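One chain, subunit A, appears in both complexes that follow, with subunit B as partner in the first and subunit C in the second.
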Partner chain A sequence: MNSIVFLIVIPLIAAFLSLFLGKNDKILAYIVTLFNIIFSILILFSGKIPFNVAIGGWRAPYGINYAVTDLTIFFLVLVNVAALLALTSVREIMEYQFYSFYFVLLSSTNGIVLTGDLFNFFLFIELSTFAVAGLISYKRDRLSTGAALKYLILSSTASIFSLAAIGLIYKTLGTLNFADIANKVNNLNEASLSLILILYISSLLVELKIFPFNMWVVKAYEASKTSVNLFIHGMLGTAGIYGVLRILLMVFSKETGKLTLSGNLSSILMLFAFVTVIIGEIGALTEKNMKKILAFSSMAQLGIVLFGISLGSFDALKGVLYIVISNYLAKFVMFLTVNEFSKVSGSTNYLDMKGLGRRYPVLAISFTISALSLMGIPFFAGFWGKISIIGNAVFSGKLELIGAVLILIASVIEGVYYLRISHTFFSQGHEREGRISRVYCLLPMILALVILFIGINPDSFENIISILLDEIKSPEKYIKLILSLK
Partner chain B sequence: MVEIFIIPLVTAFLLAIFIRNKKVVWPLFLISNLYILLKLWTLFGKWEIEKTIYTNYELFGAKLSFTLSNNPLGWYFAFFSAVITLVISVFSLGFNQKTKENVAPIWMLIIFSNLGIFFAADWITFFMMWELMGWTSFFAITNGRDKALNEAKYYLVLSLLGASSMLIGIILLGALTGSFEIFASAYGLVQVFYSEKALSIAAIMLLLFAFFIKSAIFPFYMWPSKVYAVGPEDYITFMSSVMIKYGIYPIAMFIVPVVGSLDLPKILNTANWIQYFVGYLGAISAVLGTILAIFQTDMKKLFAYSSVANMGYILLGFASMNIVGFEGALFHAVNHMVLKAAIFLTLAAVIFRTGESEMHKLGGLVYRMPITFLTFLLGIIAAAGIPPLNGFGSKWMIIQALMSQKMIIFAIAMIFASTGAFMYLFRALASIFLGQLPDRFKDIKEVPLTMLIPMIIMMIGMLLIGVVPGVVMKPLTTALRAVGYNVNIASWTSLEGALKNSTIDLTLVFLIFLGGFVISAIMYILGNKSETVPQEDNYTGGEYPEEWGVNADRFNYSYSFYQPFKEMFEPLLEKISIDEFFASIGRNFEYMSATVQGLFRRGEGAVLLFSIGVLLLILGGWII
Partner chain C sequence: MAQLFILSSISLLFIGLFGVLTRKNIVKILIALNIMETGINLLLVAFGYVENGIVPILTSNESIMNLTKMVDPVPQALVLTSIVIGLGTTAFSLALAIRYRYNHNSLSIRASEEEEGVNI
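And then the complex of A and B:
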């Protein structure tokens, strides 16, 4: 399966081509994205998973390798589907910069998920940073330029840290291959591992939108177009979660598949996590701008994800995967809804969207379903995540218990602002000029139905999750896959 | 069994599709409710019916399953709430001709969760239904109107907080007893209580917290007055009669059996501390609800506080831990359902015709809406607990149980509250229906037939339960027997008491009252002929109203009706302002929100914060 490289190379070629195609860029974008989706789905059903591809024929510890396992393919499909869904929200004609950066982002997020090498991982993260910064500043006004700069500054700080960590790893272990590091990580002494982890985690947390590292989030969401929001949320965010799962749980873990951070690192992470949740929800409480609300809310959701990961139990990890999928779907529905509604109402302030839910009930109901799922209300996908994470947190210790209580309180706040918005949609409003095509209501509806379906019938998703958990539980299989002699 | 869950869901979907067509929506709503009631009727006695859905979802190493079972106590609540719902849905047919918004689909979802709560056999199902009820009632209260938003938000916050606390409680319970089934966990909790005392008590308290919120028990007594004042009237009738019982049912189902089976040390040889805890909260709710009801000027708020007081009575019945008190509490739950539905239907009728819910702006409606008046009269007689109507029997049982358990303070609180009830009930009657009819209401008519029939049904219901309490007591005692309580099946007309020789025959009581009525009727007929005078005459005491500069409209002095009484209680009420406390929490969150937004708006010091984060990671060992 050497052709796996196409997932990364073809978007890169397209990025180059898009400079010359002008108005045909949009078609190219759809073709390339569809290719990526179809290709990854073909891999999913090829029956060859897991497999490992050594680039240039150099075997694993020496060369760069791309490994495709269950976890990889899951996130690969998520990233590519996100790309397609986000593309559907591009309505106006964009210039070549937009598409060019989009292709680079597509290529780099695919790379983040596929790669089996720490330095390669770093390169793709850098590439995605530069693409995202370009996309944010695409609007070319004061706000978006500032937001892009902010993001660029923060992520380059982060990249310095991760580069230092990579250097340290190479110095101490003599390798940068994921599997090889995982194999040798037990040889590291406590102090070096802590230092490496501190440096590396602090760079990862920037992408993960965790509190002291996330000053770019709200501005970047506010300043950019909806499609770019969706790129950040669906592609970069999802790839970032994959990175955390892979690196923290499978590469730098001394025990099999558990987050066994040395010292009190995991409790600090937990602290960050629930502070992020609280700050995110509180920030959104009185906000009027829908994009900012959604930005705050995705911070909070990722806080819950990190909280679940740092609990260090597989049950909680299962909850995390539910939260990931619920957030992934829900935010798409919400951004698409906001996109449509803001076009009709002419602003992103939710108070201006009054009464739109009566004219377009499908969109408003989909929005409500997603909101309820994010709140962790039963019959929606998020509930299965919430109950699992809370249930495991209650018995893990004092800090965990506090975190669980804070997350529950945060979900109450979330309920207040989201349902207030839903109410505004359904309340009596005045007549408006613009119209929303019924076709654009279809996609949010389908995604909301998926949320509902997972919520009512968790079996449908439980089987996928148990496969993913099996992989996380036994990193030695991953090591064996990559390092075994052929 | 499964049909009664599928039908509401399908109906809710259909209602949502036809939402703009009122001619379809409300009849469909009615038919669906009728079907549910008939189906519930056939379910009586078939306690073994059960439906389990298995999933692969694992929690704590065990696969979750959802079970719905026809448990007797749940059936008792579900059946009577279905009766009330049916009556209200007949009322809604007429009531909603004028309204712009349409609450029917959401309401149907609530009815679904209503049945789910009463038939859930395990805590997870119970919790799912409970949460469903929470957010759907938010939408039902606002019903697309902005003026209701703040109140609905208050309700939503309390509801979500309660659900969160319940979630932790359930998880604790599941971990302690190894089972999410309600009966099994009750049994298990009694077993492990002595070895895991702190955790068990924590679980009980967390669950109680959620139930108290939903039933508006003392620290959370504010929401009914806020919500009922703004919600759509027909839905509010459902809420005040049926939904407020959601907290009562699980207490009866789980807390009472568990606490009753525990052998806790008794205080003063009467009762253990959990009983006292529950009892005091009940007593405070009863007294405070009554006092606050006396001061209201909005009639819906008045009866909201009256509901709080009634929930207090029910809680007192549970606190007695006496079988008569328990029966009395459950009996009162149904009595309150019936009489509160009757009263709120009349209020809805008054608002339907006048558009006014402030009592001092009304008056004299007895001339224009006689049937509504009669329903209201019977309703308040029932609410005051005067014998020939329902409401008497259950209060009688609860007070007896309290006396026999030597809980004198609670009995005093209850008697105080019942007496105080006369004050606000009479005031409502006087302000709304008696006195002078303001000129602007001269032309109003009695409500249409679809709204009259439910009121007449409620009148008959109140009288029937009052005279033949066996209508409710027989199913209740049968249900309790089926659950495993050692009770005798009640007879049709008599009520057993907890004290010696306290069995009373309510039909006899009714006949005595009827005799009194006949005698006074004879005296009325034989007495002097009544004289009709102009309305201005009866209040003025010889003065000429024109000289005071008032007209007939302004004669109806029911504003600040109990001013001296209010001055008496003012200092007490100023000190306990739970509402202000909650509001200040909300405000603080909003201030914090502005701060956080400011932090992210400017986004300055991003790198500084990044460094702080890294430092925290490094220094973490010393901090935690």
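And then the complex of A and C:
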């Protein structure tokens, strides 16, 4: 299966081709994205998973390798489907810069998910930084240029520190391969592991929008187009979650599949998660601009994800995967709905969208379903996530108990601002000129139905999650696969 | 000697960090970022440094005997790649800085906040 490299190379070639194709860029974007989706689904059903590809024929610890396992293919499909869904929100004719950066982002997010080498991972993170900064600044107005510059400065500073961590790992363990590090990590003493993780986690937390590194998020979401918001949320955010799962739980973990940081570090990570949740929810409560509300809300959801990961139990991880998938689907529905409504009302303030829910009930109801799912109301997808995280946190310790209470309070705050918005949609409004085509209502409706289906019938999704958890539980299989040990 | 390298690289790193955190001018921030990158590159090279080491190239059959004397080539490869990335970052952010100057008529990183009325 050497052809796995096509997932990264073909978008990169397309990034150069798009400079010359002019108005045909859109067709090229659809073709390449569809190719990526079909290719990853073909791999999913080829029955060869898990397999390992050594680039250039150099065996794993010496060369760079791409590994495809269950966890990888799950996130690979999520990232590529996110790319297609986000492309559907591009209506107007975009210039070649937009598509060129889009292809670079597609290639780098695929690379983040596929790679099995720490330095390669760092390179793809850097590449995605350029692409996202370029996409944010696409509008060329004051707000977007400032937001892009701030994101670029923040994330390059963070990635410089992660480069230092890579150097330290090479100095101490003599390897940069994920599997080889996981194999040797027990030889590291506590102090060097903590230093490496402190330096390394920072660059991951920038992509994950966690508290001290998240001041770029709101500006970037507000300044960019809806499609770019969806790229950041669906592709970069999902790849970041994959990075955290793989690196924290499977590479730098001394116990199988658990977050084994020394006591203080894991409490600090948990505190970051709390502060992120609080800032996200309170920020969203006070905002009127829909894009800012959604940015704050996705920050809060990722805070819950980090909290679930730092709990260090497999039931909580199950919850984390539910939250990932429910947040993934719900934000798509919400951004697409807001995109349509803001085109009709002419602004992103939700008070201007009064009465639109009566004219377009499908969109407004889909929005309400995803809001209920994010809040964690029973029989929606988010409920199963929140219940396993909270259920685990309550009995774990004092700090965890505080976290559980915080998440419950956060759910109430979420309820207040999301249901306020839904109520505004359905209240009496004045007549408007613009019209929304029925076709555009279809996609949010389908995604909302998926949320409902997972919520009512969690067993259907439980199987997939248990396969993923099996992989996280046994990193020695991953090590054996890549190093081909007997 | 290796200690000297590591010491100077760490000090470069912190000089750069100080610059990034305290300067307002975007060009100065980018210069500070470059100083940080130089520090890290020096650190990586220092990790592969061997006292009185030789070039890690096998020139003849006998040179395999000097394997322990050779400096580690992997950090050098990493440094080459990271120099290229640093070049890309600098070029791209300078291009953004030019557009920032056109939009805000200022190179201060706080220009956008000051106009929105945020007190810092």
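Basically, the second predicted complex is superposed on the first by the 483 of 486 C-alpha atoms of A that agree within 3 Å, B and C clash if a C-alpha of one lies under 4 Å from a C-alpha of the other, contacts with A are read in each partner's own complex, and residues count from 1 in each chain.
Keep in mind that, in the parts below, a residue touches a chain if its C-beta (ideal position, glycine included) is under 8 Å from a C-beta of that chain, and two chains touch if they have at least 3 such contacts.
For clarity, every value in this text was computed on a predicted model and none was experimentally measured.
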A:Asp70 touches, of subunit B and subunit C: first, second, both or neither? neither
First, second, both or neither for A:Leu205, with subunit B first and subunit C second: first
First, second, both or neither for A:Leu143, with subunit B first and subunit C second: second
Which superposed partner A:Ile153 touches (first subunit B, second subunit C, both, neither): both
Superposed model, subunit A: greater residue contact from subunit B or subunit C: B
First, second, both or neither for A:Asp470, with subunit B first and subunit C second: neither
On subunit A, the residue positions that both subunit B and subunit C contact, one per complex: 150, 153, 157
Residues of subunit B defined as touching subunit A within the complex: 16, 55-60, 100, 127-128, 131-132, 135, 138-139, 142, 144-146, 149, 152-153, 156-157, 160-161, 164, 167-168, 171-172, 174-175, 589-590, 592-594, 596-597, 599-601, 603, 605-607, 609-610, 612-614, 616-618, 620-621, 623-624
Sites on subunit A touched by subunit B in the complex: 150, 153-154, 157-158, 161, 198, 201-202, 205-206, 210-213, 215-219, 263-265, 267-268, 271-272, 279, 282-287, 292, 296, 315, 318, 358, 361, 372, 375, 377-379, 383-384, 387-388, 390-391, 394-395, 399, 404-405, 408-409, 411-413, 415-416, 419-420, 422-423, 426-428, 457-459, 462-463, 466
In the complex with subunit C, residue positions of subunit A that touch it: 119, 123, 126, 130, 133-134, 137, 140-143, 145-146, 148-150, 152-153, 156-157, 160, 163-164, 166-168, 170-171, 176
Subunit C - residues contacting subunit A, complex: 13, 17, 20, 26, 29-30, 33, 36-37, 40, 43-44, 47, 74-75, 78, 81-82, 85, 88-89, 92-93, 96-97, 99-100, 103-104, 109, 111-112
